[in-house]
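You will see subunit A twice below: alongside subunit B first, and alongside subunit C after that.
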Partner chain A sequence: MRTGHFKDSYASLVALSDSRTAWVWTGLMALALLALPLLVGAYSLTLAVTILVAIVGAIGLNLLTGTTGLISLGQSGFLAIGAYTNGILLTDHGWPIWASLPAAGLVAAAISLLVGIPSLRLKGLYLAITTLAFSFIVNYLILFFEGVTHGSNGIFLGDVTIFGFDLSADRPLYYFTLAITVLVALGALNLGRTRIGRAWLAIRDHDIAARAMGIDLVRYKLLAFFMSSFFIGIAGALMSLQIRFINIDIFGFLLSIEALAIIILGGLGSVAGAILGTVFLTLLPEAIRLALSLIVDPNASTYSKYIYEIRGITYGVVMVLFLRFKPDGLIGLWRDAKKFFVNWPLAY
Partner chain B sequence: MRGMLKFALLALGTLSAGGTAAWAAEPGITDTEIRIGDVNIMTGPASFIGQAVSVGSKVAAAEINAAGGINGRKIVIHTEDDGYVPARSFQALKKLIEVDDIFALNGTSGTANVLAMMPLITKANLPTVVTTAPNELVYNPVRPSVFTIGASYEAAFFAQLKYIHEHNEPKTPVYGLIRQDDDFGVAVENGYSRAIKELGLKDGIRLKYKKGQTDFGAELLQMREAGVTVLANGAIIASAANVLSEARKLGLDLQVADVWSEIMPPSAKLLAPAGYSFFVGDYIASMTDPAAVSWLERTKQYMSDTDRQAVNRYTFITYAGLKVLAKAMAACGKELTRACTVENLKKTHGFETGGLTAPISFDNEKQLGGTEVKVYQVNLADVSFKTLTGYTQY
Partner chain C sequence: MEYFALLLGSGLVIGATYGLVGMGFAIIYKATGVVNFAQGELLMLTAYIAFSLTQGLALSFFPLLLVTLPIAMALGVLLERIFIRPMLGEPAFSIVMVTVGLSVILRGLTIMIWGPDPHEFPIGLSTTVVHLGPVPFYPVQLYALGSLAIATGGAWAFFRFTRLGIAMRAVASNEAAALLMGIRVDRIHMLAWSFSAAIAALAGVLFAAMFKLGPTIWFEGLRSFPAVILGGLDSVLGAALGGLVVGVIENMAQGYLGQGLREIAGFVVIVLILMVRPYGLFGDRQIERV
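So, the complex of A and B:
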């Protein structure tokens, strides 16, 4: 019987999970995700793709903000770079998706190094404002270089195929996005258990102490920006594949705030938290819609007039209450539940 | 002989069953109702547009249903909020198509929003009437099932500047433009450029600003330096009011051409305190236009008090949009299909909207109708709008 978290080897300390039960559940979850398109309708599949794309972006942001402690409000800029790179390469240069997708990540990552340089001297809100300014600059540059970016006209993506599968159809897009999301999640989890991941954690907890211990702040902070933006760029490219139209209006400032809300609600510094936060925040409006339709008469005139405001307020109230009573996020809730069952009947 | 007869009957049966099955599979249609979708800005700062659009659809549907519906079927409107966020417009339309099973689309939010929905519209061959985003990007290239009502910002600005040039031009006319740095701003500048070129006007200065900017001190100082006396104000709502307020602070004596969004009572009230008797070019009747007054009287039975408060130009155009769509659907008879509706929309010619817009025709290569513009001028005393011209094609 398992009695807690006693580890007796270094390998068990860095293992993704030392629990067989966890692996069995992960396998079942993988099967469920693979079977999902056979079980749900097209709209649910669209929501699933939206969640998967947001998970990729949230994992990227989590590496920077949650793991390394560098607050960024520039995600919408990196998303835009990824989406535009993918769109331009696919539409104007005829690249295949297997080449344009990593290119989208690489371009976003390369540009992030420019934003990363101020991070060597700035922290907290100062860095947040710098990254926010960056996202505005990106929007401006997209409009300015209209010869390349199509300016305010935006870009329509034509039919995109991979291995003969048309990604404009719901199921192929779902499986493609799922595959990328799994790769990104595994990549982030593995980064977290390497020297790089531990260096990021040390920087987050106390950068001066980390430096005293021999961690090269310049290298690791820039690496955090690079990896984070690579993933966010990939998320932008996936977003462009889903909507099939790119325009700067899609990458508003609100996206950056929503991304921060996702990783805070999910639990900072945890890949699982980023996933839980994304699922929660994406499905919350749908859950509120369903709940309200069950408890209020949809034909009541007061309700129908204020329905959208009621939904919006409920969304905000749920978030506030959650953070008030579960400040460590959904991952905290998950850990509590896990602890309860692992230690049962001696749970405390 | 009996064998041949049996074969013929079987073939006929198969064909008719196939035909019925094909028709029965048509989405959004039941024996009693036709579901029409509406993706709209129901939350956020621009929600006054979505609420007005929603009232327009609701009134048109109520009026059609009260008259017996479309070949016996009632129209049911399904509205989804996109908060003016294009990614959410895409998701909202996906829900309308897949969950609510709509037959056609009448509300389409802003330009970027309708463009984000365009791949879905095209794929489903969804009969769509675009009433709130008459931008060239929507109708060029032409999508077979998309029909657009409205003039371009280009035409609206050209109309106003032409009117000012012909009737209200100051003694030393120098024209200046301020516009947003987006697709809308580009359309405004196109109208300005056309006026400068075709009317031989003196182009003093052209300025761009970042969407959401609130302080226009620097821009107006540059206008003053350039000696501008006629301002093409391509800012909208609060920004437009800030531009005029700054101009008043600097004591500029200006003739002002504004965007049609400023014809709505809340916007007009924001602009009026600056004291400029500004012009607006619009393809929709103003609230004080006789056509609008008559419409408000005729449809009051279908509106609650809160609906009436939400009415503005977007109500009229969405009402007209659903009416023209209804006519196309009605012409299909009992076996209504999307393909038939699209075909009938393509044939639309001179559809009368009671003066809410110019007669609508989609039988042109752009599938674009109601493009004629009226020029209005605000009466500062009661913030009403005086009609200066009839609907004219520019």
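So, the complex of A and C:
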């Protein structure tokens, strides 16, 4: 058992991690991630980029739903706003990517205030339904303002370069996405240990009690909407860089559900949980595809025909099983395992 | 004026299906305090089951309902037992998320069983147009309006006069107190799910008969949210009325304001309503204590 482990300063209480081992392993993982493009093929690298983009989005949603406890079913709307802003600024206005990417986040965040203000009075399910309504309205408006958004034609991204690297190639895109993802993860982790993060947690646990203790609900709820949508807008922009063709059909209701499934699977309110959840949930359909091609159908035509349905069912089963048996998610499993070994042979 | 009457008529018809789906939402919410996000999928699944029944047995409307409704109720009971009952006592957020998960499972399974192509769904009603004043109706549309009227009347009488209905209201108003009074709360939850599934089946059959039976029919569930919000999540009769209002508003928006507005008019309305009244027009305001 770890002994002599106590904290004697405020800084050590809020430190990201006080364990040298954790830092060493994090460093090793960073090295492995940096070396990944040299080791794996193009398909795996594409998958890795998909996972990184989804991590950014999941961290964003987690800030709102996991940390602050405001359920949102409409975050695909902000994803669409981010993707479209990025696409429009890059192709129609010739902005460089280093400017259009933060702009995508800022536009999504600014629009989120429009949703956030009416939602301040709403709670729980009413909020979930309002955000759902909002995402449908966004999709409609994007189709309606054809002059700006190209409507149903979609936007095709041309060549995007940063520091001379072509982002349509796999490796530069991977490193670019990795850098952004690390920044977002660090940003979210650090937000969690500030006054703001603690205020969000208090609001999640009981907003009236939080208010009685002097937390400005309006300010912090709006801030949660703002930060969450900022990250999700950035995820949308990254997504547009990866798929290169932005079309409104991508941003359907299933995407919002996938995001919720990710944070439930990973564990609500935890950045590491969001990352774990994304990795598992993105790889799960792949694993199913492999399993199906091995067992049932060598050419896996059933899979490709019903790919959306199989994915949907996977997300649904994951959500139901984890909510039922492991509401803390994968990160809860990890904590349990850690506690078991730390305390062994005692139960606690 | 004729145009207005036409829009009003077809708005009421589509509103009737919203109303039926909305009643399904409200019954479950009233009894269990959970919004069932799988209501649209319940509608979809039962409509497909009814479709298979018509293919196999060539049943007309009323016999079809006689067979479909019990199946739907059994399905509702089954889903409640498997998915919802084990979650009893968990926070509402978790249970709602379970219904969200359930919705994608049901949707995927239905599409995988019956295939992604839309079907015509004939239920043996004549297609001669009936004129009520200046407005032409298909018989099936009148059936939809009639079904909503019967379902509303039935629900009112059920909650007002029967033992079970009163027990359900008791559970809705205070679950713990109802349990102490000897009401089997778990059985009431089961019952709510089976009624809700039956109403969903009714709405599904009518909707599929009016339009088509396709893999996007589940969306009808989400489209009915404005109706429930308008009526207040816990008001069964309010949901029926809300459905009619939202149906008419959507049609008017489409007819007078612009193409495609039908898709979002209802959602715009609920965002506006919730800004002014955060608990819907007829919903109960909850008083919270810390």
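Quick note on the criterion: the second predicted complex is superposed on the first by the 302 of 348 C-alpha atoms of A that agree within 3 Å, B and C clash if a C-alpha of one lies under 4 Å from a C-alpha of the other, contacts with A are read in each partner's own complex, and residues count from 1 in each chain.
Simple rule for what comes next: a contact is a pair of C-beta atoms (placed from the backbone, for glycine too) under 8 Å apart; a residue touches a chain by one contact, two chains touch by 3 or more.
Since the model is a prediction, treat every value here as computed from it, not as a measurement.
When the two complexes are overlaid on their common chain A, residue A:Met319 makes contact with subunit C while staying clear of subunit B. Once chain A of one complex is fitted onto chain A of the other, the partner contacts of A:Leu143 extend to both subunit B and subunit C. Of the two partner chains, subunit C is the only one touched by A:Pro118; subunit B is not. By the document's definition of touching, of the two partners only subunit B reaches A:Ile243; subunit C does not.
Residue contacts after overlaying the shared chain place A:Gly252 against subunit B, while subunit C stays out of touching range.
Legend: residue contacts after superposition of the two complexes on their common chain; A:Ser19 is shown touching neither subunit B nor subunit C.
Looking at the shared chain after the overlay, A:Ile264 reaches subunit C, while subunit B stays out of its contact range.
After overlaying the two complexes on the shared chain, residue contacts for A:Glu309 are found with subunit B and with subunit C alike. Touched residues of subunit A were counted for both subunit B and subunit C, and C has more of them.
Once both structures are placed on chain A, subunit A residues 136, 140, 143, 254, 305, 308-309, 312 are touched by subunit B and, in the other complex, by subunit C. Against subunit A, the residues of subunit C that register as touching in their complex are 35, 83, 86-87, 90, 92-94, 96-98, 100-105, 107-109, 111-112, 116, 222, 225-226, 229, 233, 260, 263-264, 267-268, 270-271, 274-275, 278-280, 288, 290.
Contact residues of subunit A toward subunit B in the complex are 41-43, 46-47, 50, 136, 140, 143, 151-154, 156, 168, 239, 242-245, 247-250, 252, 254, 301, 305, 308-309, 311-312.
Interface residues of subunit A facing subunit C in the complex, by the touch rule stated above, are 71, 73, 118, 121-126, 128-130, 132-134, 136-137, 140, 143-144, 206, 208-209, 212, 253-254, 257, 260-261, 264, 305-306, 308-310, 312-313, 315-320, 323-324, 327.
The residues of subunit B lying in touch with subunit A in their complex are 42-43, 47, 81, 85-87, 90-91, 94-95, 97-99, 110, 112-113, 115-116, 118-119, 123, 137, 181-183, 185-186, 210, 304, 306.
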